[in-house]
């Protein structure tokens, strides 16, 4: 795959844990690739699988959903509902042939800035090595 | 015949043949057999003082990785082997990363897929004490036996889970079924001094002596153990004790399997109980039973 | 007033939609007082030349059913579009790709190898595969090109209205035709002959508690005809599917398969159903959740049975 | 693809319906340098210039410190001069200054929701070294914010009425203090207590450290005050059955067992107890004494009347005995009614204070210490009762086994505590202190006795605490041994404590007459059930969780629920009282206005799209969703909704949406990311 390829990764971060964790990574000046851009949502439970699909269909190479660790959800158990949807979505994405590395669900607490940086680093590298997803053209080309 | 995969361990093939023999004989009398596992080697207990935490586990992991080809349980007699093997399975399951290193080193894969059983567990949880009681031919009526557990059978409790670390009852329960009168005494879960008896007997000896005393003071006339090293330390200490305190009273020590065998009506020779020991046991017991 | 000119045509479909119209019976006859049918190859002897011969915009209302799976489908679709004032995507296939669109989980190559080489009933010693052009002694013969990705009608031509269903149910069909013939016309892009709300809105079954402990397939049980199928563990596409079909499947004690397509504001029918279904999994930890999820054996086939081409992903990565 | 309007339709058509009508707002973008924090890595000018090119942006400018006074002024003035409808602030994380800038926008006459923050510092300049990439990413962030703010709707905070009453659960010192504070401020309080009297654990204590003043003497007056207070309605023998509603508007159902004794008439003559044949261990004395089935919990109990516990009474339905009633009718004031029924009370409150207190860890689990095998091995609270003048021995220290005065006593601190494997992992905080007090009291009462205290380390943080412990340690006949006890056992009739003194490095064996175990505090048994009724979360140990460990220690994460006392974490009396008053003032803060405001960014249902499939209803953790009985479709209670949005993700018809975080907005942001 082209090594100069810069993946585009959409990050859906829950406001109370993961977004705060991402901020902490900043406060501690931890470095990670700029390929991810985050969208702050109240709870990872807000993320509807169709939004993930749409993101990929629109041209994202990877999607990261991050929420509070189970048991820590600010909304009691929104993250568990995310997990339920994610598990089934993952199963379907297997069928669609979308590599699991492209769509990840991670639990990142407000204290885990380092973990956020780590996740972004590893995910960026994995997606980079997988190459562009480029879904739109893929569909057109195989017409 | 129901059979259990069995790990003998070095001592049971040298110093503690009687432990091995009595266990196997009793097992047969109870209708199951202890089948030696293929290619067993030292459990590694004696290396437990080396400072490389992973090397210690290399040996036991080999044993277990081999055992898992023959079955999903492995039965032991020696409390030391039991402790080492059981804890190895625990760590295999709970510390995957270091386990990875060990597996790579051993070139054999083990990830905790074997349940390590002590013979006592087999009797209690698999065979069942009721079945044992039914099989008793010559009950050891009123034999005031003190069960000695030591550390390795019970600790660390989180990993061993054999019985309550401070107030165990498995051996007492067994002995009651055999007709004995088990004696509860405070020191039964105290340490016998373990390998200190090699490096610095002056430290281990008093420990062992306390245990003997405690047992005797509480009215025990016989001690039953499940560990060759404990047995050695307790026995050797007694002489020391006798010498220093002028106390001649001899407290015989046998393996719990030997008592089991007797109660099941097996021939003392089969259990490798010599005449001397038998006499002690008779003395200890209410006269006219054996 | 002059009679309106109607046309019916099919692309990649099973013919069920044609039957659905044909079944109108006497209604169809009444219709001929207001409209005349100028093109309907399935019923009467028309050739494409007849269509080509027509001037642009000659047809008032054209009903096209079937998905676009090969170059012929596409060609005819374009021609019909040009000749018609109003083009209606009729039935699930034209609307969303329908059953044919499940071919989007595979490729032309795979389909060819399977059907011309591997199926046990195939006798094809030379292992010849269809070629779009072949030289025969009579000259060059050509057949339409087979597409790897099945498309909806509106993915190849501009479509004015949609009539969902596999097939659309009778009374809805006659309503739609009358409405289009007599006017007034609804806004372009309207989905006709279906409700704006999901099937649940008209479903008679009793709902108790919204949770699913285990996915059950229809052959594994005889569902309680009174209770909501979803709550019995049977995947019913009802919540994510337009009503208006008269819930015929549910009356037969069978779950909705989703042929009436996504709801007006739903981004994606299958995705929405997946979200709704998994949301009510009765499990709190990863292991249990996985167990239930594994009960959905074929997610694409379940959630996109009729809407693959209309979906966000449209096909699998191949 | 359905938005194009061509084709040959003959009739006149109205315009396309599916065209999403993007509101055309005049957006202003403000990019902050934050000194060099941002400008050091991000090319601010480029961000500004590229922002200007975005659709809808009519104004873009940068500033050294936007959060500064002049910076805020710049935003405010530009809004006016440029007639902006919406503002994007590209600066630090919204966690820092979102409120600040929303207020600025508000002060400039715009709706505060027409402001979005683009985080180009914490998730921009600070995490990327490469200037180009950091700049590019900052641009994306700005575009996201622009796209979102364009679709934001102007919202007004939701105001809900506040029922200006408070429910206090638990009648211990925490509950009493909180109830009194609220009541004294002039608001009504419902005080619910499960036992027959208020007073709680503190009533059982003999003295309190470090001042050694008599516990009941300082507690008693408060109990009476609370009982007599016109604003406090006491429900003893009561249990919270159900809690509905939300902050400011809770509907509470309380079930009250009857005392079977008319408080107004009873003069506590005690004739009833004399004849009662049913004897049970007295929980107030930790089972060291017996009481009758009809009894007074303790001398200072309020109300000062007898109470019958129906569980231990020989039988009420059918009446089996009735001796007490006969006696009462004969010698007493005939105040006993054995046909009384439980009552169910329903009332509304605005705030709830949970002060459920603690229980002791089950000492029998600590087999190494042999509790339960020998009567002279006791828990600290049992010993406490023995010290108490109102206790089983009227304050004299005697061995429970044979009643002789102990000469040697061993106190074991951290009994089963700070032991992740076999006991409680945490420290109960108060044991060092009361053990010191116990040892000192022992020495006062048995001057020729010898006390030993085994400790791991002394934790005496608190006013006058360290001094107090030092004083005890210096008493003669009182020996502190730093180390743990391995085993307590009975050998030839004598209790032996075997432990180690880590300072001398020697093992010690002590023959003790009494062994006292300082067992840890655990949440009281009911708290788990209560928490689920309150929808308040608990921590791993079952204590009530706080909203923030540092900054919001008085509030539960569930709005309108406040926590006080040892039900929140092990605490001593001063801390408990302080937290109780704190919780009370938090509740008063809520009650201070007749209405309260809530974030309006909540879920909403588009009725005509909803088919009432009901999927969303169990999804909501706050029961904010329900099906309307009339329209049969879902409806949101805006007051209950916390805006998490998990229902939206579950809605198969797209009828649900989250205000100012709609699918359209999220997708617009996604496009901003992938399109660039």
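Note that the chains are named A, B, C and D in the order they appear, and that numbering of residues resets to 1 at the start of each chain.
Basically, a contact is a pair of C-beta atoms (placed from the backbone, for glycine too) under 8 Å apart; a residue touches a chain by one contact, two chains touch by 3 or more.
Worth saying up front: this structure is predicted, and the values here are computed from it rather than measured.
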Quick check on the contact graph: shortest path length from chain A to chain C, in steps? 1
Relative to chain D, chain with the most remote C-alpha centre: C
State, to the nearest whole Å, the distance from the C-alpha centre of chain B to the C-alpha centre of chain C. 73
Centre-of-Cα separation between chain D and chain C, whole angstrom: 55
Where the centres are mean C-alpha positions, what is the separation of chain A from chain D, in Å? 33
Report the inter-centroid distance (CA atoms only) between chain B and chain D in whole Å. 50
When you check chain C against every other chain, which residues touch at least two of them? 266-267, 272, 275, 279
Please set out, as single numbers or ranges, the residues of chain A touching at least two other chains. 48-51, 54, 77, 81, 85
If a residue has to touch 2 or more other chains to count, which residues of chain D qualify? 619, 646, 649-650, 663
Would you mind giving me the full set of chain pairs in touch? A-C, A-D, B-D, C-D
Complex interface listing, chain C residues touching chain D: 57, 60, 84-87, 154-155, 158-160, 183-185, 187-190, 196-201, 207, 209-211, 238-240, 243, 263-267, 272-273, 275-276, 279-280
Write out the stretch or stretches of chain B touching chain D in their complex. 156-158, 164-167, 185-186, 190, 214, 217-218
Across the complex, what residues on chain A touch chain D? 8, 10, 19-20, 22-27, 29-32, 34, 37-43, 45-51, 54-55, 58-60, 74-78, 81-82, 85, 117
In their shared complex, at which residues does chain D touch chain A? 93-95, 119, 121-124, 126-130, 133-134, 136-137, 140-141, 144, 535, 537, 557, 601, 619, 621, 642-646, 648-650, 658, 661, 663, 666-667, 669-671, 673-675
Sort out for me which residues of chain A touch chain C in the complex. 48-51, 53-54, 56-57, 70, 77, 80-81, 83-85, 87-89, 91-92, 95-98, 133, 135, 138-139, 142-143
